[in-house]
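Comments concern the structure below.
In this document, chain identifiers A, B and C correspond to the written order of the chains, with residue numbering beginning at 1 in each.
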Amino acid sequence: MYILKLIFRNAFRHKLRTWLTVLGITIAILAFGLLRTVISAWYAGVEASSASRLVTRNAISIIFTLPLSYEERIRHIDGVKIVSAGNWFGGIYIDEKNFFANFAIEPRTFFDLYPEIILPPDQMAAFIRDRKGFIAGRKLAERFRWKVGDSVTLRGTIFPGQWDFVMRGIYRGRDKNVDETTFYFQWDYLNEKMKKTAPQRADQIGFFMIGVTRPDIASEVAQRIDNTFRNSIAETLTETEKAFQMSWIAMSQAIVTAIQLVSFVVIFIIMAVMANTMAMTARERIGEYAVLKTLGFGGGYIAALIFGESMIISLIGCACGMAFTFPAANAFGDALSNFFPVFNVERETIYMDIAAALLVGAVAGIFPTWRSVRIKIADGLRRIG
Amino acid sequence: MSLAQTVDTRPIVEIRNVSKSYRRGSQTIPVLQDISFDISEGEFLALMGPSGSGKSTLLNLLAGIDSVDSGSIVIGGLDITNLSEMDLARWRAVNVGFIFQFYNLIPVLTAFGNVELPLLLTRLSGKERREHVNAALSMVGLSDRMDHYPNQLSGGQQQRVAIARAVVTDPTVLVADEPTGDLDRVSAAEILALMGRLNRELGKTIIMVTHDARAAEKAHLIKQLDKGVFIDVHS
Amino acid sequence: MIPFSYNLRNLWTRRLTTALTIGGMALVVFVFAAVLMLAEGLKKTLVATGSLDNAVFIRKGSDSEIQSGIDRLQASTIETQPEVATGENGMPMVAKELVVVIVMPKRGTDKGSNVVIRGTSAGSLLLRPQIRIVEGRLPHPGSSEIMAGTNIAKRFTGGGIGETLRFGMRDWNVVGIFDAGNTGFSSEIWGDVDQLMPAFRRQAYSSVIFRMRDQSGFNVLKARIESDPRLTVEVMRETRYYEKQSEMMAKFLRILGISLTIIFSLGAVIGAMITMYAAVANRVSEIGTLRALGFRRRSILTAFLLESLLLGFFGGAFGLFFSSFLQLFTISTMNFQTFSELAFSFTLSLTIAAQGMGFALFMGFAGGLLPAIRASRLPIVDALRAA
């Protein structure tokens, strides 16, 4: 179509200015995409969590433990299908900078409860057999280049001493939002050592993970569990896994909100600058559009030219921005992998990118279009001379 | 070539074998071909010719804002074709006054500010500059408009400010490129009258490019250019 | 030289574009300054929390008081070290403390946050002279009375004076509010260690702190402690202890903040570049005129560069101006490293202001350089023809 060719030629008349504008929009879209990805990474834990699993911890706070004996009692509560137990170990691998999450768990029940953790059967069998064995997520294993059979030592912080482990498996997540950076080992290993070195700390669980028979009774079951242990030495607080994850985020809500706010405002400004630029270009061409009118082209055609030019520039910038978002997100995710185990670009982000680009193109095109449609030919022509 | 008796016969401008061509893509287009002639001090010369004849190019070369391919131009005893960019700029500031078709005033400066511009390139103090500007503006009859911005002045008034700017450094030559091209008949006549006065009363040498036959009549001397060479001379 | 008013008036003539470009730069400087101010505020809060004169003992290998446990026997050994200073009343300036974390709901929501409870003894206050009671009184030892830091009293339900908290199957009354300035203690609740330990069923202390007689005696103390086979503790100056607590958080803020700033600043520089290129394009005949009149290329370059620097300057000024208002806000969030509540504010220092302005000017320079060079390189004849 001739009009498209014209739009394209016009847009690239001032090559430098057009490319700079495209670059500006690219950067704005890139920044926007990255920020949104940071926000969704923050909530990744929540997204990956299940509403049919419960977490039971000591009612005072997460740093207090629950007696091992609770496990059996919880299992007998109406509506409970699976109970698994675990402790946050908090061990350090060589240096604090290498931070990753590590837990002591009960293997058999754990895998029943978390079907999204996928481990080849032979590795699972080897892990269960070896008391000192551990499994690590794919990303974690890649980071430190661990292979099955490697020996790894963690320095205990909460549970002091040097702890030796042997790698027995590498797990993958079933979905892309499953954390693949965690280290799991056997709770029995932890407990045995505690019985020998600090017996008063043995048989203590950090938290219970519970699978319910039906998701719709989850909150009732939670209530039942807490009622069972009310007024005992260690009162419990049971909530859905989702609620548990949310509570951590809520604690750093301030920062998340700040980032969201900043991202929208700054990007708005950059977009406004770009829109102004495109409007400037369109204004400069008023004379030419007047000439087109004298030749017989109607107001609609002119409007299409102006709008089309704004849109093309905007969309090219958007496409480039989106293209760069993925590698940039990867790099970002790697740099901040300590804080964000999952760092994926959401589909929703892409949609918002496109929407933003369309908005900028439209805003840039509106005023000059309105002007050009209404301008009297004679006035326009005067601008050329 | 005959010269009017009232004018001083020492040539202030000596053009010797000047040639200039432009490159467009792979083609070289000759604009001026081996031109030589003299201009006397106090002369009022009009250069005329069809479009593409090279008249504007010649003017630009005389003004020192373009450079020759070969030949020499000596103004006031100085060969400007040998000067460096820097020296040429300095020379221009003191020796050439410009009058353009579209006035070319700086829109964000007042009339006073525009006229003062060339003086900023000299070592005059603020007070001295003010004196010169006032004198120039009163000469063109715009003293009461010195605080106006160009967009507050009519075409004729803007051109008068431009003329004031052109004479404020008391330059050796005044160079005018279609000075009346954008003016109505009345304003054009005013401007030409002003230029005539500058020539007669202050002895300014004026070289003017124009299509306008009426404007050319104000000059002493008319030279016609066509395809880069002089073709006719009459006074 | 081309007059300065020329530059100013040119910026004013294209007001909208100038305003937008300045706005973009101002926002980048705002973000830049905000991040620096946040990191500064964080550092100030945590470092101020400690004193160079105090030595902190925690279990070897644990990263913070919360993970640490020091049994009574080891605590006694530490108490009797020769470096312990003696207070005015003739008593040694030592405190054996318990540090745990409980969950308290923030006021106005039912969302809980982790809050530090510190079991203290008489020596604890002596060791932290920055703490003052601002409301109520000190809790009586041997009772279920507690006092709360101003940040807790303000933001958490149950932390205000007269309010009650329930944990360890007992009710605890808040009888006083203390202000610890801009330090981490303002986000803590203090009570009698001998009451809190049984309530939380702890047999061991979390940490031992004492004032050193002589600051320089630290190294000798450290060497002796670490070679004593009876002890499994490590010692550091209190300032160093708190500095370590913020490392992860500071690093996170820095990475996030700096990368954001870099990306946004690229955008701002591009905006400035476009603005200046457009300015040059708009004034081509003007440039030709100035050169014809005798102004040198360098003057043209300087003039346009100056305009761009002015954009940067105003952007920086506005950005810093607005960022200074951030000092009115306090961020209340969780410290990732210690899992507990931390409140800190934005701190604007002269250094940060200078850095912000320097950054703004740099953006102006970067954006304006190429257009200014182009302007200065325009051949006179072509420029005049563009009238």
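Some points to look at:
Convention: contacts are C-beta pairs under 8 Å (C-beta built on N, C-alpha and C of every residue); 3 or more make two chains touch, one makes a residue touch a chain.
Keep in mind the model is a prediction, meaning the values are calculated, not measured.
In terms of which chains touch, the assembly is arranged as an unbranched chain of neighbours. Counting C-beta pairs in contact, the chain pair with the highest total is A-C.
The distance from the centre of subunit B to the centre of subunit C, each centre being the mean of the chain's C-alpha atoms, comes to 66 Å.
The geometric centre of subunit A is 69 Å away from that of subunit B, both derived from CA atoms.
Our note on geometry: subunit A versus subunit C, Cα centroid distance of 25 Å, whole angstroms. Residue ranges on subunit C touching subunit A, taken from their complex, read 16-17, 20-21, 23-24, 27-28, 31, 34, 59-63, 66-67, 100-103, 109, 111-114, 167-169, 200-201, 203, 232, 247-248, 252, 255-256, 259-260, 263-264, 266-268, 270-271, 273-275, 277-278, 281, 331-334, 336, 339, 341.
For subunit B in complex with subunit C, the residues that touch the partner chain are 60, 63, 65-66, 85-86, 89-94, 98, 100-102, 104, 106-109, 113, 117-118, 120-121, 165. Residues 14, 16-17, 20-21, 23-24, 27-28, 30-31, 34-35, 38, 60-64, 90, 92, 96, 99, 155-158, 160-161, 200, 231, 233, 235, 237, 247-248, 250-255, 258-259, 262, 265-266, 269-270, 272-274, 276-277, 280, 332, 335-336, 338-339 of subunit A are the ones touching subunit C in the complex. On the side of subunit C, the complex with subunit B involves touching residues 1-3, 5-6, 9-10, 12-13, 285-286, 288-297, 380-381, 384, 387.
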